[in-house]
Amino acid sequence: MGLDLNWALQWLALSARAMADHREELIELDRPIGDSDHGENMDRGFKAVTAKLAETPPETPGAALKLTAMTLRSKVGGAAGPLYGTAFLRAATALGDHAEIDAATLVAALQAARDGIVARGKAGPGDKTMVDAWTPAVDAATAAAAASDGDVRKVLDAAAEAAEAGAVSTDPMEARKGRASYLGERSIGHRDPGAVSTALILRAAVGAAA
Amino acid sequence: MGLDLNWALQWLALSARAMADHREELIELDRPIGDSDHGENMDRGFKAVTAKLAETPPETPGAALKLTAMTLRSKVGGAAGPLYGTAFLRAATALGDHAEIDAATLVAALQAARDGIVARGKAGPGDKTMVDAWTPAVDAATAAAAASDGDVRKVLDAAAEAAEAGAVSTDPMEARKGRASYLGERSIGHRDPGAVSTALILRAAVGAAA
Amino acid sequence: MKKLINDPRAVVDESVEGFGLAHADLVTVFADPKYIVRRDAPVAGKVGLVSGGGSGHEPLHGGYVGKGMLDAAVPGAVFTSPTPDQILPATLAVNSGAGVVHIVKNYTGDVLNFETAAELAQAEGVEMRSVLVNDDVAVQDSLYTAGRRGVGGTVLVEKIAGAAAERGDSLDAVAAIGDRVNQSVRSMGVALTACTVPHAGAPSFVLEENEIEIGIGIHGEPGRHRIPMENADGITDRLLEPVVSDLGLAAGDNVLLFVNGMGGTPQSELYIIYRRAAQQLAERGVTVARSLVGNYITSLEMQGCSITVLRLDDEMTALWDAPVHTPALRWGA
Amino acid sequence: MKKLINDPRAVVDESVEGFGLAHADLVTVFADPKYIVRRDAPVAGKVGLVSGGGSGHEPLHGGYVGKGMLDAAVPGAVFTSPTPDQILPATLAVNSGAGVVHIVKNYTGDVLNFETAAELAQAEGVEMRSVLVNDDVAVQDSLYTAGRRGVGGTVLVEKIAGAAAERGDSLDAVAAIGDRVNQSVRSMGVALTACTVPHAGAPSFVLEENEIEIGIGIHGEPGRHRIPMENADGITDRLLEPVVSDLGLAAGDNVLLFVNGMGGTPQSELYIIYRRAAQQLAERGVTVARSLVGNYITSLEMQGCSITVLRLDDEMTALWDAPVHTPALRWGA
């Protein structure tokens, strides 16, 4: 069984809750190597997403993600706003107007999201950005889809787990993109806040499918 | 035996040393009820006096006090500069060009100094200013001169002791003049820095006569 | 104490020297005795305007030397009034024969030192007047006290009297308009943090993380009372209320609203204060006809602000609008 | 955290509202989406100039909206770049048909959001150019990194490109002079204390009583390295040296020297820094032809400063001198 509109709405609701719950944590992560606003930005953005979804209920998962993209783009600002905005927009395009999402489409959407982020932000793996959560997530999702019998839950779970490990993997990296890059070597030993918010969002996707 | 030029020079030298030694204490006294500069002002002023006296050695006690007055007036600024400037100038005038100062002249000089301060600053006893050191000092000096056999040391000693007690007496007063007056009741419980510098200067006069 | 200084005792020397280098087109700086004069002083036929006081309030007063405002400024040591030896030559340097007005903030030290200098200048044949500024409603005024301090209103007195002098008003007229501004202006300030005088090395008072000091002056001295921290609107109301009632403002009045930063408060916060004050005045039917927002009379790095309200008449408004060209205030020129 | 604010999340709303009230003669403020435009925008036939970025740097950018400088400013949340939904209407509002130039400080967020807005504006038929400001020599530049930040130089780019637009230069010419200023300007900053973002509630970094942070940006982010406190002359030399050598300044060059306060440093200290920098430049045979000293691009209440040097040519000098009439910068108008 694929993922439907309910899943998408549940995913976005759980993402919003995760951003609210982890607001301080994301601010704290952004403090030493950024400007202490990532948690505030994401929380503000997903609160707006929640309001927007209630205001104009979408009819497909793709429409839900598109509305999310437009809202994040217009409410978040900073680096995260346009990057997540692009990610959700590309994912929405990959979903098209399907009512149900199968494993292959899911993988394609995750890949499109990651590619969108890379196209906009020009960061590669190892630059200590959210790309270091997205890239292993896409790889793990691809492998899970191939290995499994098309169980979207397993794909989501693999993606979330890989994103979490990816976020942890940013600790020893020296940042080359984003604000943390200004710190050079001093960025080493800190976790990238955007990678953590990515992991939280992908984990929410698992929860929504439970 | 009266007080001569040597005494005057010694007095001013000891006053300068007292201002340097008590610089921090006078700053600390000025902090809670003023603007933390009385020690700096007096130290700067008396250092300039020392330099000036070395540069153009005066020939009488009166000339020494006049040079002191002019230097304090031009180097100290704030409230203390003009007040001490006037005090020393009036005292100098009272001494005239006598080479030796007897007890009566000494009392007249102290009185002239005090009257000068009151004329410039318009503070009365109990207003929590240096007047509260000068006034008891003048009264005690007058009494000592009358009681004693014209011993200038006894007059000086009485003045210094009364000034010290006068400074302590400012503790419970509510300030009505100077910067401390802005604090109203909150000035209560603090000692007036100008009263303390007055006591130090009069104590230096005793030391110079020893 | 961390400050961008070299020797704590050289702060004023070096700062005024830098000021002179940066604004050589507008002012001439004399080092010893120290004073700052308008580059084209004395201006023939014009009444000279001199102000001064302790340093640490920058841009006051040096920043207001120039066309349409002060002819000379006399900086004392930090928070210590200047001496007659500085004030006298500054006064003589700007006297074109039309006389000189001293603008003096009401502090014992400033009053006494300017008084002495004025006497000496008079003895040298200069016609002298003085305008005393005492606009701080935080201080209870009475015959028996040192009276109110001069704070934010000083900037407005200097601008408006400066414009009067520039248009050619007589000595008495310049002094009269200065007095009139002083009578029409009131101020009140708040500190969130204290400041540290360089030679003192430690703050003048200590505020806890949740305390503020209401009714502070500009010399790092404590205020009238200490209260728990409040939000910006609450603080604004506390500052504005005594100003408005002391001025006796009524519906229909025109005012200049001046929100001043004490040196360490971001401009964004000053505009939050301004917003509330303007709203509150509007609610009373008072028209804010002119405004000024920024760090114009400061107390070193102190965090906090003051609110100053000037009741305007047509002449004051025209003189406020008149051209001014100084390092810190400039328009129409 | 003690701040003159109400709700930490309403800081920008209320501050910009107050700004609009105080400067209604110069600007019009839109609340949602939030942007500030010159009162007489769009000016017929004139290229529009739009800048913006996170709030907390006041007077940048809103303070520079007006004749001879910006046509619009777009304030984001504190230290967070604005969104395309704000930038787009601001851009459309100032387009007279002659096209619009975005002046963008080089931060990932600013670049991406302005990029999106420019695409959308272009889609609506507006001819667009953008000028990227990246003058901070504290950041090592490379093809593989986010590159240098835009800091103090931004003010100079806005003033000079603004004057070019005001005199009627074409879209390409305005963008070209903006780029030229950016290529000729370098900056470096120091922090004595950190600042606190209102919604974050705690300082971005902590400096000990005897530490300073060299190479800081304007977003409360830490700098390149931390050193023990030094005196003002030593700090000045540390900031000036990389600026001068990166610019390749040589004897005979004319420069504009800009000493900027980060928001919490007294003006007197900025002049002490200016003094040393001017002396050091003079010793190298460099002429300081123009100067600017004050809080022009800040980082909330941070204590510290930055030094910016712009190598001037005759055209830039003339455009710098051209009239400007904005809330924060005004001359000749």
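Order of writing sets the labels: A, B, C and D. Residues in every chain begin at 1.
As a working rule, contacts are C-beta pairs under 8 Å (C-beta built on N, C-alpha and C of every residue); 3 or more make two chains touch, one makes a residue touch a chain.
Predicted model, so just to flag it, every value in this text is computed and none were measured.
Participant: What are the mutual neighbours of chain A and chain D in this structure?
Facilitator: The common neighbours do not exist; no chain touches both.
Participant: Touching chain C and chain D alike: which chains?
Facilitator: Both chain C and chain D are touched by no common chain, going by the contact rule given at the top.
Participant: Measuring centre to centre with CA averages, how many angstrom lie between chain B and chain D?
Facilitator: 55
Participant: How big is the gap, in whole Å, between where the Cα atoms of chain A centre and where those of chain B centre?
Facilitator: Measuring from centre to centre gives 76 Å for this pair.
Participant: Report the inter-chain centroid distance for chain B and chain C in whole angstrom, where each centroid is the mean of the CA atoms.
Facilitator: Here chain B and chain C have centroids separated by 32 Å.
Participant: Going by the touch rule set out above, which residues of chain C reach two or more other chains?
Facilitator: In chain C, nothing touches at least two other chains.
Participant: Mind pulling the chain A residues that touch 2 or more other chains?
Facilitator: As it turns out, chain A has no residue touching two or more other chains.
Participant: Chain contact graph: line, ring, star, complete or other?
Facilitator: Topology of touching chains reads as a line.
Participant: On the basis of the stated criterion, which chains touch which? Give every pair.
Facilitator: Contact pairs between chains: A-D, B-C, C-D.
Participant: Could you list, by residue number, the parts of chain B that touch chain C in their complex?
Facilitator: It is residues 27, 31-37, 40-41, 44, 73-83, 120-121, 176-179, 181-184, 186 of chain B that touch chain C.
Participant: Provide the residue numbers of chain D that touch chain C in the complex, in ascending order.
Facilitator: Where chain D meets chain C, its residues are 2-7, 11-12, 14-19, 21-23, 55-56, 58-59, 63, 192-193, 207, 209-210, 212, 229, 231-233, 235, 263-276, 278, 288, 291, 293, 295, 298, 300-301, 303-305, 330-331.
Participant: In the complex, go through chain D and note every residue touching chain A.
Facilitator: The touching residues are 33, 54, 76-85, 107-109, 112-113, 115-116, 138-140, 144-146, 149, 197, 199-200, 202, 204-205, 217, 219-222, 224-225.
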